[in-house]
Amino acid sequence: MINVAIIGASGYTGLELIKILISHPKFHITYIATSSGDKQLTDIHPSLAKVYNLNVDKADSQKVAQKADLAFLALPHKTAMFYAKELLNLGVKVVDLSADYRLKLKTYEKFYTTHIDKKNLKNAVYGMPELNRKKIKKASLVANPGCYPTATILGILPFLNLIDSKYPIMIDAKSGVTGAGKGLKDISHYVNINENIFGYAPLSHRHSPEIKEKLEMISGKKLNINFVPHLLPISRGMLVSSYLLLKKNIDPIQILEKFYNDTPFVRICKNPVDVKSTSGTNFCDIFAKMEGKTLFISSSIDNLLRGASSAAVVNANLMSGFEEDLGIPKIAYVP
Amino acid sequence: MINVAIIGASGYTGLELIKILISHPKFHITYIATSSGDKQLTDIHPSLAKVYNLNVDKADSQKVAQKADLAFLALPHKTAMFYAKELLNLGVKVVDLSADYRLKLKTYEKFYTTHIDKKNLKNAVYGMPELNRKKIKKASLVANPGCYPTATILGILPFLNLIDSKYPIMIDAKSGVTGAGKGLKDISHYVNINENIFGYAPLSHRHSPEIKEKLEMISGKKLNINFVPHLLPISRGMLVSSYLLLKKNIDPIQILEKFYNDTPFVRICKNPVDVKSTSGTNFCDIFAKMEGKTLFISSSIDNLLRGASSAAVVNANLMSGFEEDLGIPKIAYVP
Amino acid sequence: MINVAIIGASGYTGLELIKILISHPKFHITYIATSSGDKQLTDIHPSLAKVYNLNVDKADSQKVAQKADLAFLALPHKTAMFYAKELLNLGVKVVDLSADYRLKLKTYEKFYTTHIDKKNLKNAVYGMPELNRKKIKKASLVANPGCYPTATILGILPFLNLIDSKYPIMIDAKSGVTGAGKGLKDISHYVNINENIFGYAPLSHRHSPEIKEKLEMISGKKLNINFVPHLLPISRGMLVSSYLLLKKNIDPIQILEKFYNDTPFVRICKNPVDVKSTSGTNFCDIFAKMEGKTLFISSSIDNLLRGASSAAVVNANLMSGFEEDLGIPKIAYVP
Amino acid sequence: MINVAIIGASGYTGLELIKILISHPKFHITYIATSSGDKQLTDIHPSLAKVYNLNVDKADSQKVAQKADLAFLALPHKTAMFYAKELLNLGVKVVDLSADYRLKLKTYEKFYTTHIDKKNLKNAVYGMPELNRKKIKKASLVANPGCYPTATILGILPFLNLIDSKYPIMIDAKSGVTGAGKGLKDISHYVNINENIFGYAPLSHRHSPEIKEKLEMISGKKLNINFVPHLLPISRGMLVSSYLLLKKNIDPIQILEKFYNDTPFVRICKNPVDVKSTSGTNFCDIFAKMEGKTLFISSSIDNLLRGASSAAVVNANLMSGFEEDLGIPKIAYVP
């Protein structure tokens, strides 16, 4: 058993972390904190009544170090690196769900803010097992990928060396409202998003540089990434439609199946994927179709799980020497 | 390990049974059947890809008896008793999710059809642990309660001996669309139920005699039960609002808490319950409030789980000598 | 043409008033105000672009009196009576959509606040044409009924003299989220109400005394009213299920049809009503069924229209000597 | 007054036609038919009770010719041309909502079926006023555009001569479930599409050749059109996201505003458009943004109105010498 801490327990991803870790056979939650503290977990998340409870502390790195070997940070950008720096210093392994360690320093500071932990940033591993499984196993700091980048990169990855980079890549992404967070905002007022859909931050969302940086690093090519997210009238789930041109005509299903052959959490589908089949799970479902030189890729994940919390526990599994899929949710919220 | 069979795997409750049994530590699925057979389970339920698969047989009692000690019947009324009769004869224990063994002969034949298995009907145990825990443990045939009766009876039960039976009991129930089944019908066409709600079978639904018969048997009093179900624009979940008059003013929360004190799957709430907190679980959440002599009870369940499949596995747990909550889902689909 | 003003244009009912009045053949909007003012209407309601625009003033009774003969007040309780008092003094007729003039002084002050316009309160007419058509025609101040009371009272009205008042009346009401207003609240966060339903303010909602007072005034009997509203995952629409006991068995459809025979905005349905058929209209659809001595009544309205804004314009029609249905929406948002 | 007939009154677009024509000041419905006939309109569409009624005939061209000057055909492909041919022969003007007269013969026969009315096909006018206003005014046969082509073409049109046609155009479209029709299908079962989204017919939908043919005809250039529609969990509404490369950097809002300057039914938005602001109206809302050489265009329509029925009445207005916007719905279903 490995003792783990969760810092940032009040939001959606914090709750999802707790839900997975409660029934995980090898992780034992010993510490839960929020920014304010002094509560019972069931006060924050009443649906856990008669299931699980614990005192919620005001976040304190020293206490984490006393109680846990590994900490999950489900905190806003900027706050996360503050705790990560302290925790790593105290010998606690960290899986950070924020953007703070996902990007190169230059990219981060351009799109976010000044980085206060440049040293650890260099050693952080981007926590996508399909890319970095070996590095994650040895890492003490893993940066959990963003939800949009996860679905997008997993879809495009198998085709990277076939891409005709003269042409731009168009990514039309759609996310459920949990992606906009638990805070009260106009866009997540029921009446505004019900029976509705709209794009937001078109061609300027902060997940776009994450996608671009990763795909360029892997391929060694300059890529023209155009990314537009949309908000959907569903609670959870994410669908990404990617459009790109290849240098030659190939059988995309065959390529996908070969590429993800021995991966536990990617499923290749012969029909267009939907979000319901991945909701509640860590799966990424992928469909692709070619017509002429155009490749259409459709990938689906649960934005809160594969896009955040279950991916974080997968990373913790690997960092702890466990099987990748140990205690990870696989059964979808169907019907 | 106990080997179990599922007959009727294509519908929603069949899928939910499979999802629970896959990860159950003591039940081992050895046989899955539908009326047509000759398929793979992942053809019927594609969301199980890379999770679990098995051949799906054409239902055959002899084969069940060879392979399993206990069978779950997720079949339509009338078909269920045909298989139950054969299986019991062959020594297989049965949990029947249909209405075939829930009612006294007279009530059943009035509201359903001629009963073809009168002998077993007499010995069938109504599978509500909060009522019949001891009997279920010894039963070889358990009739799983209907979804509306489950939510209604659990709400009213603690107050039964306080009811002023001069007054009628009014039950206003609301169910998600999975309650209307997987078949294509006008009422479950998205456009007809989205942004809509309506009552159906008012004062004449077949779950009404089930509620009446059980509450009268327990209380020994004649009760005037008036039951109106409504269809809601949600996929799963059921909320039952019951209105009744008591002989004296009491503290309903206190009575509920005392009554369900040592029960694992009933939660008493100090604020009105919602359906999301029970969706995905076997919990029944109950709130009640008194004003003058009127008692308002609000109870919530997942219609497919506590109202069908997880309740069935709880019954199988008890019939097999296991803990009531072994392998039973407790973590809600929140958010 | 009659010049009209709208005070309180920023909320949902303000918008609905504007939408109706824009295409009304005899009312001409000359003044629109909010509490802050200094905007264009299309800034507040962008869906009106290329349809209709006007400057939005900071509410000022003197200006209203210069520009309009009749004012609609779509303001919060308490603020409304402040303006109504001034406007009536200046000779402007008022249709008030708040609760400020709906109740007798004693009831109002018990459930709301101190009344600052007791004089006009006495002369205010409760704006339900099916009850008070003649009085409304002569009124200079009409109190528009609440949404829940409208649907409830219209359903129960035809049966009032048949009610066995020994028994309580149980009212289980369901409303769409627009009923909770445009402001940001936890209960109207998409993720909280989507795939959910819950009761609120059970047996203690402020519309309950409005229902009780009106039904008791009309019937001259003491009635035991028990009212529980629920929030539904739909944007607009309201369904009220009422349960009561009658002194004798009658044919409820016949009674309804006779009672509402020459009324333009009540429709009697032979099947349970739904909310979609009234959404977008001023109709109240009513179904009823009797079983033994129990009467079940199901009534449906659009909470923003018949429950507020179109009812207000109907009242203004009557106060202005126009036909009741002049310019009133009748065509539902189906499909 | 011009007498009009509607053939095909049972589906969604038939109902929308009726709803518009009921309150149209110059069109008078004299004949309504379905394939079976012998009903009252309120039997097929109960929400029209107390609003409007008429006998529904079994479709017969001779009777149409006796009663009407212009006919709307809301029929399936292939059935429509059968009636159109007869009606034109009898001197009745036709607005056809099917695909039968939208495409050149060769394209039609490749993607649909053998054409049985080649003569009229040649003279049919594609009913998009922003393209063909003058021709529509003189036409006796107008082919109403498809819903996806309407939203797509209106978005791309102002940029056609700026497009760098070396690059493909990627069109990611999203439609509400009314687009899948009233018939019972697995994809429109509430449980299958609620909390879900998926692509269908990717790169092979029949609206793709319609988009391609029209854009190529107007531009005189070969274009590489890649079109993927998605089904959304909303009843009505359509959002189209188009991605293309231009030869130079321009201000897209300025271009849009200039292009649609004197058009009544296109609105240019400075923020990304949503579908709710056009639901219930004939508007097409368009937003566009440029980044580098990539142009993102987001256009929104009501699939049943601007994508079918209100567009058809606009065409009938023009064919009859009326103002384009006479009796056309402009007020959105907001909130």
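Residue numbering begins at 1 within each chain, and the chains themselves are lettered A, B, C and D in the order written.
Basically, a contact is a pair of C-beta atoms (placed from the backbone, for glycine too) under 8 Å apart; a residue touches a chain by one contact, two chains touch by 3 or more.
Because the structure is a prediction, the values reported are computed rather than measured.
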Interface with more contacting C-beta pairs, comparing C-D to B-C: B-C
Relative to chain D, chain with the most remote C-alpha centre: B
Centre-to-centre distance between chain D and chain C (centres being mean Cα positions), rounded to whole Å: 37
Cα-centroid distance, chain B relative to chain D, in whole angstrom: 47
Where chain B and chain C are represented by their mean Cα positions, the distance between them in whole Å: 40
Overlap residues in chain C, where contacts from two or more other chains coincide: 12, 178, 182, 191, 195, 233-236, 276, 333, 335
Residues of chain D that touch chain C when the two form their complex: 12, 15, 19, 22-23, 45-51, 178, 182, 195, 235-236, 264, 267, 269, 276-277, 280, 283, 304, 330-335
Residues of chain D that touch chain B when the two form their complex: 12, 177-178, 182, 184-186, 188-191, 193-195, 233-235
Touching residues (chain side chain D, partner chain A) in the complex: 167-168, 170, 172, 174, 191-192, 195-200, 202-204, 224, 226, 228, 230, 232-237, 239, 241, 243, 245, 272-276, 279, 287, 289, 291-294, 296, 298, 333, 335
